[in-house]
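Common to both upcoming complexes is chain A, partnered first by chain B, then by chain C.
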Partner chain A sequence: MAEMKDIVLQYVINEYLEDEDEVLSYDSPLISGGIVDSFSMVSLKRFLENKYKISIPDDKATPEAFDTVNKICALVNEYLK
Partner chain B sequence: MAYSDKIRGIYTGTLNEIKDKGIFKQERPIHSAQAADIVVEFPMGSDLKKVINMCANNYLGLSSHPDVIKAAHEGLDSRGYGMSSVRFICGTQDIHKELEAKVTKFLGTEDTILFPSCMDANAGVFEAILTSEDVMISDRLVHASIIDGMRLCAALHDTFKHSDMAHLEEKLQLHADKRLKVVITDGVFSMDGDTAKLDEMVALCEKYDAMLFVDESHSSGFIGKTGRGTHEKCGVVGKIDIITTTFGKALGGASGGCVSGRKELVEMCRQKARPYLFSNTIAPVVVSGVNVVLDILSKSTERRDKLEKNTDFWRKGLTEAGFVLKEGDTPIVPVMLFNAKLSQDFSKALYEEGVYAIGFFFPVVPQGQARIRTQVSAGHEIHHLEKALEAFIKVGKKFDILGKTKQEIIAMYGN
Partner chain C sequence: MSNIGSYEERIKNFSWEIAEKELDYKKGDVINIGWHCTDRICQMGKANKTALIWEGHAGEEKRYTFDEIRKATNTIGHFLRDLGVKNEDRVCLFMDKIPELYLGFLGVLKIGAIAQPLFSAFGDESLFVRLDSAKTKAIITQRKHVGKVRKLLDRMPSLEHIIIVDHDGLKPLKEREIAFDLEKAEKIDKFEIYPTTAESPSVLHFTSGTTGLPKGVKHVHYSIMSQYLTAKWVLDIQDSDIYWCTADPGWVTGTSYGIIGAWSNGATQCVLDAGFSAEAWYKFIEKNKISMWYSAPTAIRSLMKAGAELVKQFDLSSLRHLASVGEPLNAEAVIWSEKVFGKPFYDTYWQTETGSMMLTNYPGMKIKPGSMGKPFPGITAAVLDEKTFEPITEPNKPGLIGFRPGWPSMMRTYWNAEETYKKKFANGWYLPGDKSTIDMDGYYWFVGRDDDVINTAGHLVSPFEVESALLEHPAVAESAVVSKPDEVNMEVVKAFVTLKPGFEPGDDLELEIMNFIRKKLSPLAMPQEIEYLDKLPKTRSGKIMRRMLRAQEWGQDIGDTSTLDDD
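Showing the complex of A and B:
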């Protein structure tokens, strides 16, 4: 789980942060904080599905479920089981 | 009465929120034709003032060109005022077909379809050519009308960092399984004035079997050696699959737009694009004007050459005066001020000095990147630009930003 958190956090930093000085934690609000918009969630979902060989149903990939790295990892773990 | 006090209160509250945030937009009536010198009423109800216009999209100075006006008069006389029909019922005239053929030739594409505006072209094109099996991969700074068009389309949508070709390649690999892939960009980006790397994008699209879409609204008529657009500048004429552009900027400045590109894609728009199917097309008077605009531009590069010289003069003058500019070589020259209030105060001070240029700030541009977006025109003479430069320098001194770096301006005014 710790490894997954770091992988997801690093992906979010590389993918979405324009300002290199900005700091993100596992609990930083990504969607509600304006870091990831609804369009950009698509690439995050596809990244998770490809990386962990899972399929997340569209109705589960909600802005709430994708709002922090911790929540994202919890969602991925549901489909890993 | 359906419009109750409760309903009115909701809208009044929302409008007050917009005002409180300082982003309430107000129109500034112009009491003259669009040109380098205009007569403006600002604020509404105040005395009229003659000012130099530094913020129009009138790049080639054709908005009030006598030959274009004459052609519009002739079009009005010979083809009437309106069509009272959509294209496929009884709303297509010979001059509409003539314009589509001229645009195709001018842009070096296979076919063209007119739309009431480029906003409509962008709103209609994606839904007409893509399905849920496909993906759209867009630059993160594309124009709002493209974003709206993508929202109306069932295809998956992803983005790549602005002009970042490595990131675009990652996205093309990520979506390799999709039936169709379209890479989407502006040719010249309207807020920053920078140019898309179309040569590299064409190479990537060829490598990953993707189509390339370019909005040329801020390029058609003046970018490239003969003004064909960004694709000419980048040496990829004939290799762009979909071009959208407007007749509301350099190409006469009235209204209207088009989709130009691969013939099958254009035909798909004729069959399925909703703004084409359910709205009248461009009025005959405007079509007649644009037909002559394209004749003027096909005969001579004089106007785009003058625009290039004016742009060099303007960029050099501002740079030497010590302003922070967004780098580039297009007639869109953003003077960076970073702070939203400073951009508004600067614009007001310029107006007092006889120069009309607007401050842009979040959400039109990213937070902390407020600016005065200046736009150069072939309609400007050097004396206009000299006078405008004097005003910029005077106002720059007043706010003590000349020769200051981004960090120093932010330290003085915040961002």
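Showing the complex of A and C:
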């Protein structure tokens, strides 16, 4: 789990964070904080599905479920066998 | 009693002089949107009334009275003038929905310069083509977005000033950069506003077409007549209202109704600078007792997805009137809204080029869910035959929407593209590029676009722009971009690509290409799906048949394929 959190956090920092001085934690608000918008969420979901070989149903990929790295990892874990 | 009263009576007795009289304007007078939205409201005795309630994503809040926004816009104008920015220079506003965006917009207008708001999620290439087209002289931005501006400096010699509103001093400023802190700046009480007149340029919004680069839509200060009166009659903004327009001022709704329409009416308005979440939105309405809410179908459909049960957890009894814009509002959303909020969303139809509402539903007029409503008083509208451009008189027969030019907020031209502008007219009608029908009762019903432009979440995306950007990815040999249906956003971008030798189709490459477009253009333009093909369908003359690909996505008949090159 700890490794997954670091992978997801690093991906978010590399791909979505515009302000290089901003520090993100596992609990930083990504969607409500304006770092990842609803359109970009599609690419984040795709990353998780490719990386962990899972399929996240669209109705589970809500702004609330994607709002922090901790919440994202909890969601991914639901679909990991 | 609604502001409009009887729609039928307004139609009979309409003249734009109604707006001119209410805004104390006579032909030939100085008219400046920045002054009308701040100084004039103060002179009307509302200096201490709250103009802006702003909330950031972490819950921080700022409030400004009309007198404070008057001084703040003076201060920004003074700063720009000191930098050497002159009337008709283009000043880009490239920020999130922070107070400096709203106040900067009016500050730019106060010195007679042209405000060029751009969506802060634009990637560096999208930013470049728009700044380059306008030959922008200054850009006002935030630390988090300045990296995208720095990438363009070599290609943007005309960009003289990069103004950073939240510079913290931790890292040195770079070439052409200057810090400006609105909170700390000395407030300017008395300021000489540039004497713009009715036809002085005011705002340059960019919009996308099927082909070519995005076009700058030039508006003038006289547009305030339309924006003021439509905000008053359609949004029904009243003195006691707390108003919330959810649009980003990077797009036209965010300036026409998120700034000009609201403040020229002296309204208190709220801004939430945070990503979407149904719970956060309801909380915001409850906390601020919002009474007039102007939003978009995509947001409404997202709220529907979050469910009716969530609504019950909040006290939303302050809501008095709701309206929607961006793309057609489906009947289900209107019915749902009536059920859960106790009132329907009133759909409004207009676009960047029209500058203000054209077809709308009105307080007091019967709503037909799914219809765009009827023409605003003073607007002559019709549905036109696609060949003759003559009005179709038969009810329910589809044709092109046409408007007779002459309303105050009509665009004056496309920036440096007069020929393209002229092509928007036929037989004396302005053609917005949409198709509609008119029913027996005179209500307009949206049918679809007349071109390949993709309307995703109310924002237009040019397939040409995305296709061109795709070709810059090292793996892509050819590309075709069309819309595909989407439950929430109405349409999203789908790309078809063929790959260069040495590249294999796969999920990782698809994600790589998606992210490439997202960063280069914008999240809106990012294909939500990429399909790999061995070859794209083309005519024998080599033109990609987007029509076939689009029909496939929408489950429609692919039509005539006689020109298809099937070798």
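The criterion applied here is as follows: the second predicted complex is superposed on the first by the 80 of 81 C-alpha atoms of A that agree within 3 Å, B and C clash if a C-alpha of one lies under 4 Å from a C-alpha of the other, contacts with A are read in each partner's own complex, and residues count from 1 in each chain.
The criterion applied here is as follows: a residue touches a chain if its C-beta (ideal position, glycine included) is under 8 Å from a C-beta of that chain, and two chains touch if they have at least 3 such contacts.
Note that the structure is predicted; figures quoted are calculated from it, not measured.
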item	value
Chain C versus chain B, contacts on chain A by residue	C
Which superposed partner A:47 touches (first chain B, second chain C, both, neither)	both
Partner chain(s) touched by A:70 [first = chain B, second = chain C, both, neither]	neither
Contacts of A:39 with chain B and chain C, given as first, second, both or neither	both
Which superposed partner A:29 touches (first chain B, second chain C, both, neither)	second
Common interface residues of chain A - those touching chain B in one complex and chain C in the other	18, 39-40, 42-43, 46-47, 50
Residues of chain A that touch chain B when the two form their complex	18, 39-40, 42-43, 46-47, 50
Touching residues on chain C, where the partner in the complex is chain A	57-58, 96, 121, 143-145, 147-148, 170-171, 273-277, 279-280, 302, 305-306, 456-457, 507-508, 510-511, 514-515, 518, 523-524, 526, 528
Contact set on chain B toward chain A in their complex	147, 150, 156-159, 161, 171, 174-175, 366
Parts of chain A lying in touch with chain C, wherever the complex brings them together	15, 18-22, 29-40, 42-43, 46-47, 49-50, 59, 62-64, 67
